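Next up: the structures, one after another.
The following pair of complexes shares a single chain, subunit A, combined with subunit B in the former and subunit C in the latter.
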Partner chain A sequence: MGPDFYIPMRLNEVDDSLQKEIKENLGVDLEMCLECGKCSGGCSNGQSFDYTPRKIVQLVKFNDEETLLSMDALWICLSCQLCLDRCPSGIDLPRLLDYLRAKAYRKGLRASRPQVQLFYELMLSSVRKIGRVSEFPVILQFNWKTGQYLKDAHLGLTMFLKGKLSFLSPHVKEKEKVRRLFNGSPVESRGNNR
Partner chain B sequence: MNCAYYPGCSAHALAREYDRSARLVCQRLGIHLTEVQDWNCCGATAAHSLDHELAVSLCARNLAIINRMSLDRVTTPCAGCFNRLKSVSFELKNAATLKAKIEQAIDAPLDRLPEIVHLLQLLVQDIGPEGLAKHVVKPLRGLKLAAYYGCLITRPHKVVAFDDPEQPSSMDRILEVLGAQTVKWSHKAECCGGGFAASETSIVLDLSGQVLEAARQAGAEAIVVACPMCQANLDTRQEAVEKGRGTRYNLPIVYFTQLLGLAYGYPSGRMGLRRLIVSPLPLLKKKGLI
Partner chain C sequence: MRNREKTAIVIGAGPAGIEAALKIGQAGYQAVLAEREAELGGTLRQLYSSFPRWEDPRDLLDAKIRQLENCPRVSIMKHSTVEASQLHEGGFLVTLRDSRNGTTKDLHVDAVILATGFALMDLSIYGEYGYGIYPEVLNALEFEARLREWSQGSGQAPQGVALIKCVGSRDRSKGNPYCSKICCMYTAKQAGLVKDMFPDAKVYVFYMDYRAAGKEYEEFVRDVIEKKHVRYVRGRPAKVLCENGRLLVRAEDTLVGLPVEVLVDVVVLASAAVPHPGTRKLAEMFGAKTDEYGFLENERFEPVKAADKVFFAGGCGFAVETPLALQQGAAAAAAVIALFNTR
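Entry: the complex of A and B
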């Protein structure tokens, strides 16, 4: 269970190191939050979030990194940018979620939706290998690795016949230059052998 | 007019008809597109979701190549690529330490950055509705269309600085000068579910379902898009949405460039209309447009 949001809390008695870290690393200043809740009201996928954007801000103020790095919302945020555009203070919540997700990923924490992480990794593995995303092989690998051998098979056949799926995407010529960008990235150490 | 062109990965297969129709329409309008040499993937949602610096460097390599091509502007038909390139450019201009680090990673200077415009933006701002109307030989009369913008063409506004993020209208204006009628509707800028079609299919069925339902309620006969991801979600998942909701939509999901090309007199085959899963051909035949 996460913290109880409905018990009044003296924030000045709470460690604010995570809030400071976020301000320093991202320039995202959560002191500017007016607590209006427009981020949560507008959130495209908020009905599925365990912690809505407004609560995520509060979790940072509670310094509850454990909840933040393991919450389901990290993996089902659509990066639609609605919360950012509707925030009267211009707080970049999508960037904050990217930061927390990347931190959880770097620490090797188990994602609440491993299949979302896997799909990202397979896409990036294609970029690392050929410089681009070849959609069809990525989807085939995804279905294979998640044991859903026949997922969307009927749709896949229709798309294949329409020429919407191709095995052969043109490769980038300077593949080495693109591959070098992955040096030191957790994507390389965690994702490339999948 | 000269402009660099960044097709994006989906141009090769999934959205080939978007790429082809975009190139033909630009040719007709006198826009000379030069494909970015040896471009790489922008990283899409995957890169910025897992590693911020990787996401920045993937886009930065493309921006540096455009610089070397001596072009000061790049256009892309993909809303996702547009948003990534634009966000990275915005960040590079405002974060000196990061810029230095990325310059080292890509081994190229980033002092000068090209202007990044979505293809919809290029046509509306540079050619303008009147300029676009001049080439119409076959007005799209009788078509009732829902212009769908999705998320990434207009958001976040402080970064992309194009159209209105809540009530966008640029595509509506284009469709109107082509002779079509556009509907007023609630879901112009709602999310279709983005890149979750394979990994969290139910989210896409839910969100794309809401978009389809809103378009149906507004009386649209087709939805017009400017993003390969929006097109794929609304088109390829429509049958599953219909099953889940027990409603038949039969709404073709057409790229705005395909309709421009049709109005400019290109045959439907060259616009790749057959490649769409929900066929727009019966509707276009009924209206006497093909």
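Entry: the complex of A and C
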């Protein structure tokens, strides 16, 4: 959405290249969208999205790549797949967001909130090092680097007592295979690559 | 007792009237099918294609008319309008006028089926859409004729077409409060046909919602969107302007809350269905009730009965799609046959 907010967008001049690209590359057909909003209504993190999933579909139809690649929603989407699970047309929005995220990353775009960006980096660095996310070290590092030493400590304790959080890093058999996935990916090996 | 055969008059030879006359004739009673125009078929004859199967409506009509012609008990009276009616020996004495020479003829009938169809609302009240001002702003029936021209290779190929739904329907200020029911489907059909003929044309349907309640209807609309790539834009356009000889449609995309516009060559207005102007007078003639809009009203628990020995079918009751018009025609015929059998 550009600055000329009140100048009507001329739809016949909007090209549909992004929508086509998404259909061809991902098999995600946004013409199947019923515009019902079930994706947005149930989105785990929708209350913090600047553009909710249904609006993201509209942005693609408007070919507004600039907004799509710079929106916060791209980085605060949890990839929980609820939108896909609930979509009556089976539209794979998480896949679309993955695609857009990678595209944004390649263009050097990052989450506008530094903490979101930091969390991404710590998480991916954990995956790269040990083959999967190890929650406890990621949380410790995140809290340490953001200076919120006791953030969510209470929740952490409860989760630990219920066996939902381990202080030990889980063992992954073929870490090398996971590490290889990072080869040539826009997420560089150092993890913290700001 | 008279030995005259029981006779019904069917007024209006669209699909409902044709079906009614045919069934009465096939059941062994006399039917007179009175049609004001020179040709049978009513509104259906003006259509280029149909939903949900993209069939040529003229094929259906031709088949039905062939059946009519093979049914000796049905007499077809074209160019005929009903001038008067009076109660007569337990039935009606109906005066028909031949519009070609002005001669009249009295018919003694035992039952009446009104099948006068519906008309499209006069849209000249919608100055904002430029109907009657810009020649390329067409109502739905005019566009059916345009589609036929295009299919025959005449007329200029459009780069863009915008179709606006709910013009005169669901409008409590200038039009009618009701939903005309058939426009969602015929608009999808028309939009799809444009894409079939001109795949490179950009086709937009402006809608508040689409109502596709019917067998194969939802699938039909989805195919138009997903396979024929018609772009549905949610919003009721505010105006149509002229820009360099083309037409600019302004609306809000209510899904995002942003003003949008499209520049096209043809704008099609999905006009509200209204009763035929003559229906109210005919209803009065036969003692039938009409509603506040002028559509015929049925008696309680009698879906096709308008008054004693007076039945109705098709668009004169409310806008109907072709299969429903045929169903109602058959139902009205069944009511007449039952009446004739029990007396």
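Keep this in mind: the second predicted complex is superposed on the first by the 117 of 194 C-alpha atoms of A that agree within 3 Å, B and C clash if a C-alpha of one lies under 4 Å from a C-alpha of the other, contacts with A are read in each partner's own complex, and residues count from 1 in each chain.
Here is the rule we go by: a contact is a pair of C-beta atoms (placed from the backbone, for glycine too) under 8 Å apart; a residue touches a chain by one contact, two chains touch by 3 or more.
Because the structure is a prediction, the values reported are computed rather than measured.
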item: Partner chain in contact with A:Lys173 - subunit B first, subunit C second, else both or neither; value: first
item: First, second, both or neither for A:Leu140, with subunit B first and subunit C second; value: neither
item: Partner, of subunit C and subunit B, that touches more residues belonging to subunit A; value: B
item: Touching partner for A:Val127 - first (subunit B), second (subunit C), both, neither; value: first
item: Partner chain in contact with A:Glu35 - subunit B first, subunit C second, else both or neither; value: second
item: Contacts of A:Leu109 with subunit B and subunit C, given as first, second, both or neither; value: neither
item: Contacts of A:Ser44 with subunit B and subunit C, given as first, second, both or neither; value: first
item: Shared subunit A contacts, counted only where both subunit B and subunit C touch the same residue; value: none
item: Of all residues in subunit B, those that touch subunit A in their complex; value: 9-10, 12-14, 16, 38-41, 43-54, 57-58, 61, 105-107, 151-152, 155-158, 165-166, 190-191, 193-196, 198-201, 203, 207, 236, 239, 274-277
item: Contact footprint of subunit A on subunit C as seen in their complex; value: 160, 202, 204, 222, 225-226, 229, 231, 233-234, 250, 253, 255-256, 258-264
item: In the complex, subunit A residues that touch subunit B; value: 44-45, 48, 76, 78-82, 84-85, 90, 92, 94, 98-99, 101-102, 105, 113, 115-121, 123-124, 126-127, 131-136, 139, 142-143, 151-152, 155, 158-159, 162-166, 169-170, 172-174, 177-178, 180-182, 185-187, 191
item: Contact set on subunit A toward subunit C in their complex; value: 1, 5-13, 29, 31-32, 35, 54-55, 58-59, 61-62
